[in-house]
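Here chain A shows up in two complexes: once beside chain B, once beside chain C.
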Partner chain A sequence: MSNRDLPRLVLLAVPAGAFALAFFLVPLARLAAAAAGGPKGLAAYASVVTEPRHFESMMATLALAVGVTAATLVLATVAGLFLSRHAFPGRGALVAVLTLPLAFPGVVVGFLVIMLGGRQGVIGGLTEALGAGRLVFAYSLAGLFVGYLYFSIPRVILTVMASAEKLDPALEEAARSLGASRARVLKDVVLPGLAPGLTAAGAICFATAMGAFGTAFALAANIEVLPMTIYTEFTLNANIAAAGALSLVLGAVTWAALYAARSLAGPPVAAAA
Partner chain B sequence: MSSTPIQLSRCGKTFADGTRALAPLDLEIAAGETVVLLGPSGCGKTTLLRLIAGLESPDPGGTVRFDGEDVTALPIERRAVGMVFQSYALFPNMSVRDNVAYGLKVRRLPKGEIAARTEEMLEMMAIAPLAGRRVHQLSGGQRQRVALARAIAVRPRVLLLDEPLAALDAVLRDRLRVEIDALLRRLAITAVYVTHDQAEAMMLGDRIVVMSGGRIEQAGTAREIYRAPATPFVAGFVGTVSRVADLAGGEALLRPEDIEICAVAEGRIAATVETAHFLGGRCQVTLSGPDGGRLIAEAPPDAAPPVGARVGLRWRDAAVIRIPLMEAAQ
Partner chain C sequence: MRNRLGFALQLAVTLLVAAFLVVPVAMSMLAGVTANFFVGVSSGLTLRWVGEVWRLYAATIGLSMTIALACVAATLALGVPAAYVLARRPGRVSRAIEEVLTLPLAIPGLALALALIITWGGFRDFRTGWGFVLVGHVLYTLPFMVRAVLAVLSATAMRDLEEGAASLGAGFWTRLATVVIPNARGGIVAGALMVLTLSVGEFNLTWMLHTPHTKTLPVGLADSYASMRLEIASAYTLLFFIMIVPLLVAMQAMSRTRRTAGPVEELPPCRPLPSN
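Right after this comes the complex of A and B.
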């Protein structure tokens, strides 16, 4: 870039810069100020550690996000590999159905979980008929886990299928020719080949699970994940400082996870993500 | 390295969609022999190689034997074959050394032996200075050397090469071809080499198997195939031929180097020069014959006739390649 180009480049950056300033940086700065302007001052930021209720909420959210990410990666890798390796009648329709959850907002996913595991849910009816009592899990972390899994799996399956189709089939054949068993080929060739895509998809999955609100709101009752805590502090307790501080902490943790995934997997992830 | 003969019997291959890639065929490959499968794309040569490798299984009734042992039901990982691919298929997540050592690690050899044999292979293929590099840091020629080292490190019973030089530029291809030739002689390993390049086939193969349309057209030494092609396809695919009228019936074919350009009065037939290309050591001259057919002859590099000239063509009777009518009709 020569010096002569500089004014033109600055000019080109103005619209995006103005947008970022007006709708991102300014509100963020106000939020940061509001969080620090409450009765506790800067200590509000520490509430996620000092306040037991906030700390528990943070831990529950983290555990949920990690659990959902791990389970999603395992299930979606198996399904994605199967779908990319096997041609069978109805495969296209199956892929289309699998991506259906992407069409629903979180609130609707919450309803679906209630239909499945709520007080009048299908599973409850089934367990009662079997004489095991009514199994109700929709209004707990388990319900949230199922809901998040439901909308995370499609994204990761699509990523796995795209990555798997890009793998050179000769790589697996070469490993087999050298005596590697199917399991060994999976470990040494397929998974390393999918790793950049899985890391990127996993990071997105984690970030989504950290911040998802609609499903948690629909299931309400006994769930205290961080977005719900923020909502409660903001609307019910009018504790704007606490809500602001928690929001920024949630954002920082999620952003750190995305950043770590990007640097872990190197440049290809940036391209894939 | 002990050598393993290969016997294929009634090996055909029909894919699930009904495409017949190979008509049932028999082929014997002697211990230590290098056989080149030569043919245009889609002729079945790669399918045949994959049958030998164990990456495909033949249609029912076909058998693959290594040294008399029936390996038809064994998948590739239990056949002890070394395989080299056109795309190299090196593991991108491993260093050069780990790529070469991979087969030995899979076999759970003692650590010391793995290290010793890996170093030996790196030295032998002259890639020791690259041992710590990642695959993406290597040139195409270096990659193919690593692929060869990896395939032979496990001391396979047979070595299978699927167009290993097709992705390289001409200079590198010539150099690696010489190296592979020397390597195969040195190892005295049974090798099957797939290519569509006749020069590669003639240089490397103890025997060349020319294939077309899923069947074997001819198997023989380079000399046999060039001098006495069994079918018109072989004559046209391996080298260049010109068709001349043959009073005895059937095809009478001539190689360019056997057609001599002379004065019209001295020639057996007269022809008109269409093009003359200077190729360094010789000129390739295209002519149109008495019946309008195209003929290709050679001329000394600085004595090609001008385009449009009427010339005579003559040849020795012994140089004429005759393909029996019955074969030609196929």
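Right after this comes the complex of A and C.
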């Protein structure tokens, strides 16, 4: 167990290192070069600001990601806190139901949104039965919002439950015994205790919503979010420079969100993934 | 009184969220075995659509399984040694390597796929085989394997065990084979399950990397959503659920036993997060 092991350790690291070099680092560098090698040169990277279509797409994606993150944090905190605080028959089943969609791919989530809000969707059936006309929302930004909410909620609920279990109940009791109201305890004791977990989970939620592609693809509408714009640039317009530049800008945004959250709240994968 | 009201409100929100998550799944499962979904269940239940999916898409299911198993093998071969090295030599260099290895998680699948196509797309045989899809899957799942194994290996108990074995004269490879790997098997199995689940469901990279001859299950699903009637798309989704749900349940069960029994665990267990 000493430095004599070093050569052998280096040997063990070679396969993963070679893989990362050949299929990640070099390709990423090539992508960056290709993005700058188009007719616009380095200016391609600025297209999210200079090109109106890209700018609109970026703004729509940012708004969607922020909205989804906020809504998910609220709903998942209520449900997660409730589940970690109360024992009742069927609780285990409820937790299982709430966390099972965790690994559903985005494309399947898109189809589930069609089941809810598509032309034959259950919500449309309900609104029609209520005499309000058939509500069809799946193939729009609203459908995308619902889909992103669908795959984000399970992730955040798990984080909230894990964080809530680590809270010290004595702190809440102390606050209560000193006369703090329930709302006050929630605001001053419980939520600050959950904050690191919520920060990390929120960042993952935001990053996933920014980069999600499968859901928008399955809904197949003219929803201009950044991943769809990149896909269109690449496949329909064969504009590799624009697609490359946009995808690197998108990658930088998601990475920065995760990095910022980690500096604020500790490692994100450890806290929430 | 206010307490009861609060309880009822929270319960209502929780149940609504649960309904939101489960109703579309139940509906799509039902639609897959309904003769005519537009008419409703009264049109009768049938396995006709499942049979149709099998006729049209059996190859995608086979390829997805092949790629997922190959992906597990590759991430084991690459990830377990890498995790061991990172655990043995904590420090700035290791942190940087870990950062590079987990960076693919922070970058959207589309960007990774574009980068791979630009760099390797010219190698025709490689580009058109399923190995190209496999490379994408390994790139994206490797961080999960490394994290899962590293979590177990970073525990201090492992260090003591290895010190003990070393003081008894066990050499490097003996310790690795008889002490490190057997004691890390919890993390290795958890990582393998995660990689399997993620690979079976991977869409973002696969959609860009696949060719007409290398369609995986999720690619076939997207295809059926776009071009088939709702019943066939649903039956296909049903088959996907049948494949993926047992994996998810096994993973949840594992993370529970690890939480209660695990003596060597400092990081919480990683969970599979598709990039969607």
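Just so it is clear, the second predicted complex is superposed on the first by the 247 of 273 C-alpha atoms of A that agree within 3 Å, B and C clash if a C-alpha of one lies under 4 Å from a C-alpha of the other, contacts with A are read in each partner's own complex, and residues count from 1 in each chain.
To be clear about the criterion, a contact is a pair of C-beta atoms (placed from the backbone, for glycine too) under 8 Å apart; a residue touches a chain by one contact, two chains touch by 3 or more.
Here the structure is a predicted model, which is why all the values come from computation and not from measurement.
Because the two structures share chain A, they can be overlaid on it, and in that overlay chain B and chain C fit beside each other without clashing. In the overlay built on the shared chain, the residue A:196 is in contact with neither chain B nor chain C. In the superposition on chain A, A:122 makes contact with chain C only, while chain B stays out of contact range.
Ranking chain B and chain C by residues of chain A touched puts C first.
Taking the C-alpha centre of chain A as the vertex, the lines to the centres of chain B and chain C open to an angle of 90 degrees, rounded to the nearest 10. Looking at the shared chain after the overlay, A:177 reaches chain B, while chain C stays out of its contact range.
Once the two complexes are overlaid on the shared chain, A:81 sits against chain C while remaining clear of chain B.
Of the two partner chains placed around the shared chain by superposition, chain B is the only one that A:188 touches, whereas chain C remains out of contact.
In the superposition on chain A, A:31 makes contact with chain C only, while chain B stays out of contact range.
When the two structures are aligned on their common chain, the gap between the nearest CA atoms of chain B and chain C comes to 11 Å.
Shared interface residues of chain A, touching chain B in one complex and chain C in the other, do not exist.
The part of chain A that touches chain C in the complex is made up of residues 1, 5, 8-10, 12-13, 15-17, 19-20, 23-28, 30-31, 34, 75-76, 78-79, 81-83, 86, 94, 96-116, 120, 122, 148-151, 153-155, 157-158, 162, 182, 204, 207-208, 210-215, 217-218, 220, 227, 230-231, 234, 240, 243-244, 247-248, 250-251, 254-255, 258-259, 269-271, 273. On the chain B side of its complex with chain A, the touching residues are 53, 55, 75-78, 80-83, 85-87, 89-93, 102-103, 106-107, 147, 150-151, 154, 160.
On the chain C side of its complex with chain A, the touching residues are 2-3, 6-7, 10-11, 13-15, 17-18, 20-25, 27-28, 31, 37-38, 77-79, 81-82, 84-85, 88-89, 97, 100-112, 114-116, 118-120, 135, 138-139, 142-143, 146-147, 162-163, 166, 172-173, 197-198, 201-204, 207-208, 218, 221-222, 225-226, 230, 233, 237, 240, 244-245, 247-248, 252, 267-268, 270-276. Contacts from chain A toward chain B in the complex involve residues 168, 170-171, 173-181, 184, 188-189, 192-193, 195.
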